[in-house]
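Mind having a look at this structure? Questions to follow.
In this document, chain identifiers A, B, C and D correspond to the written order of the chains, with residue numbering beginning at 1 in each.
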Amino acid sequence: MAEGLKFPTGLGTSDADSISLLGQDLAADLMGKVGFGELAFWLVAGRRPNPGEVRLFEAVLVALADHGFTPTAIAARLTYLSAPDSLQGALAAGLLGGGSRFLGVTEDCGRFLADVLAAADSDDYDGIALRAVEEARAAKRFIPGLGHPVHKEQDPRTPVLIAIATEEGLYGPHLRLFEAIGRVHPQILRRTLPLNGAGVCGAALADLGLPVDLLRGFALLARAAGLLGQIAEERRRPIAGDIYRTVDRNAVYEP
Amino acid sequence: MAEGLKFPTGLGTSDADSISLLGQDLAADLMGKVGFGELAFWLVAGRRPNPGEVRLFEAVLVALADHGFTPTAIAARLTYLSAPDSLQGALAAGLLGGGSRFLGVTEDCGRFLADVLAAADSDDYDGIALRAVEEARAAKRFIPGLGHPVHKEQDPRTPVLIAIATEEGLYGPHLRLFEAIGRVHPQILRRTLPLNGAGVCGAALADLGLPVDLLRGFALLARAAGLLGQIAEERRRPIAGDIYRTVDRNAVYEP
Amino acid sequence: MAEGLKFPTGLGTSDADSISLLGQDLAADLMGKVGFGELAFWLVAGRRPNPGEVRLFEAVLVALADHGFTPTAIAARLTYLSAPDSLQGALAAGLLGGGSRFLGVTEDCGRFLADVLAAADSDDYDGIALRAVEEARAAKRFIPGLGHPVHKEQDPRTPVLIAIATEEGLYGPHLRLFEAIGRVHPQILRRTLPLNGAGVCGAALADLGLPVDLLRGFALLARAAGLLGQIAEERRRPIAGDIYRTVDRNAVYEP
Amino acid sequence: MAEGLKFPTGLGTSDADSISLLGQDLAADLMGKVGFGELAFWLVAGRRPNPGEVRLFEAVLVALADHGFTPTAIAARLTYLSAPDSLQGALAAGLLGGGSRFLGVTEDCGRFLADVLAAADSDDYDGIALRAVEEARAAKRFIPGLGHPVHKEQDPRTPVLIAIATEEGLYGPHLRLFEAIGRVHPQILRRTLPLNGAGVCGAALADLGLPVDLLRGFALLARAAGLLGQIAEERRRPIAGDIYRTVDRNAVYEP
């Protein structure tokens, strides 16, 4: 070791005979005994989740894994078409669309709810929600998690995730506030919007005690599985060439 | 729909009331009922795995999730230091190191074993292995999955993964050939190398019937969880600044 | 063409005999006649720059191309070590560090100056600067482009770029305001900070009439050249393995 | 400095008063005096090009900068749609398509020509070309740089780049062999294919003495400028939403 250098980590270390991860013996204690979602939770939160937490957490990941031909899925397929030798490049290209507009809602919603709760001084959720919606409207800001371009009445994921959280005893303040927003916002906004799936996932992840600044990371992990599915399908039954040609052949020059 | 355009998919589709994934109702049939690793397998393979397959598959993902301060982990941390506003960029930067040298071994080993098996005309695994090692040596090629820079005697993941495959009735021809290579290679190479963890994971994934051209994808999915752990730790207890300064302050100009 | 589909572009189109770019014949009018920096300016701004604008613009790109062992350069080298088969991945990994902290200053400074100018109602630059610094201080915000961790007295790029802009008749309101900030900030902040190179580049790009929302893009283009230089040097005289081992060997487990 | 650590570089270094790049004083010697393309050449090759070399090199970059709605351009636009807050992510996503199929031809062609020349023992270019085409055909390999999906008769870039190389005294063995392949291949392949623009760029870069393993890097640098143009146009006149909807609305479920 160079004098004075020290890089601390609580994650993986190894020596000639063993591999350690999170302070556990990887081979003896983790492989075959810990699920993949469970490990992902543990890696980020620094604590092992209980089975109910794993169920809710994996339900979130399943909900976010794939939404069909999103811009990110198309970008990954086009990149795989261009550079089939580099699967990691296609996956990375898809994940790079996980920003403010598409995958970001999960994190934005979790953070919004956490911020509102941190500033609240009562447990009157409908009252807290009412003020939060009023303030957002006054500031001309959208409420993250409210509304959906396709599921205009109800996002089918929302009641299911709330039911799972309730069954597992994990229905906490973020989900409670999110539902309150769903009840009260029509009074202010004069129309009724659904609580969307990305938003309810953010609320559930926040209730699981995961750091709100990293919620987007779970959406990205979920999407990594979905993108692999997209790339696998592209390999079996390619469509990226058709997408490319559809765009290229309908190009028109306009200065 | 524009006339004549059609983009088929067996993955996600949705309408106003429902979201479908893999032909299932996402909210009613998948969320809370299917694990995340199970879904990832299903998305890529196009078939739902049974519980034993899920256990073996998740053991592989757990084995590959994090190996400490690898180049990919360091690259992700440095990118997060530079651009903390873009978590997706830090994750993507880490995954882009999943190429031929580090994460590629899993895929290379699975493909090597599959190729050898496809060309074999007997079920004498030791004999097949002997010829494969002889041919590789004559062509001055390495055998993927053989040898490890740190675990010079034995990689602790290897016997554990083989035991799990055996318990679940999933010990198939790729693992069998891999073990045969472990037995016979000293006759040819004149030294004894361990069967490494990345290689045994490739053999197990191939025995699970997953497409060998996409095995790298599972290593990337596993690593996505590990990289989130690295980024979460970087956020709590940053070291990327120290890494950067260690390099920068020890820079010397040499034309 | 599918009925009704139309994708307009003013950039590249082609048919069997010719390739058109920006409304010009690529082969006959551009190749050998237009410089690369000139083309980059034209592609983004939608107008051909004059020779003085090209000189200032390329001076900015040269100033931003490489700053030695930055986090982005190290990330690119580590990614090349891990995946040498995918040069595009190493380059992309390096560029992904071009976010808010390192390469973002150029854009942040240009936008800050543009916003201040848009709100100003006089041409008293020192007065405008004074109010802008006061407001930033009251809001506890940093002034982008002010201060540098290494060049504590003066960033050598700043006076040179201002001199080039002046020589070419391109010293405009953004550079003027930037210099005014350099003069007046000690009155408010009670210490004298240098105007840094990334900031003066942002001011110059804004004076060139380039869109302030895309200034980061020029820093990225410049850095793409620098990263290629880093990767080329890594190929000739590798150090990424040493960086990796320096970190890995000095890892210590701390929960 | 930690004892024993040393990271040599011939690129950028700096101290409190000066910034050095390639052994030059960045502010005094490079800014305003060296063009951007010239610097990019210097960074990779480690030597300063002369004006004729700069002209040929920049003609290559101009030729490769943008080819309209390629998969990489579409991927960059879709990523910008999804994550407009992260310009670096959109640029990186576009570059990640710079792999074996699209941008890779430049490097593949340069390397192919260099390999053939390294094995040749005469200066009879037509004879060397004839054997190379025969061998490629026997091995069922394509000749990189031969043929184009759109420019079936002639790629307009090819004669222009050869003319520039000739004017600048830079018409060397790689371009000579490439032209010889253009003359002789119909004898073997029984049809006449054009020498394409990506290929002639690879030949010209190799004649400039640039390392053939890194030629893809120049295609990526050129494309970085083109992708910035695409992203700038997307910002002014967006089409990525239409592309996304065209695909999504024409999705059909097929298991």
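General remarks:
Following the convention adopted for this analysis, a residue touches a chain if its C-beta (ideal position, glycine included) is under 8 Å from a C-beta of that chain, and two chains touch if they have at least 3 such contacts.
Remember, predicted model here, so these are calculated numbers, not experimental data.
The interface in A-C, C-D or B-D that matches A-B, meaning over half of the contact pairs are the same by residue number, belongs to C-D. The chain with its Cα centre farthest from the Cα centre of chain C is B. Look at where the CA atoms of chain B average out and do the same for chain D: the two points lie 32 Å apart. The distance from the centre of chain A to the centre of chain D, with each centre set as the mean of the Cα atoms, comes to 37 Å.
Counting only residues that touch two or more partner chains, chain D has 2, 5, 7-10, 13, 68-69, 83, 85-86, 88-89, 92-93, 96-99, 103, 243, 246-247, 251. Under the stated contact rule, the graph of chain-to-chain touches is complete, every pair of chains being in contact. Every residue of chain C that touches chain B in the complex is listed here, in rising order: 2-5, 68-72, 74-75, 78-79, 81-86, 89-90, 92-93, 96-104, 240, 243-244, 246-248, 251.
By the touch criterion given at the top, residues 5, 7-19, 21, 25-28, 30-32, 34-37, 39-40, 43-46, 55-56, 58-59, 61-63, 65-69, 86-89, 91-93, 95-99, 103, 150-154, 156-157, 159-161, 163-164, 197, 211, 213-214, 216-218, 220-222, 224-226, 228-233, 235-237, 239, 242-243, 246 of chain D touch chain C in their complex.
By the touch criterion stated above, chain D contacts chain B in their complex at residues 1-2, 5-10, 13, 20, 23, 83, 85-86, 88-89, 92, 96, 246-247, 249-255.
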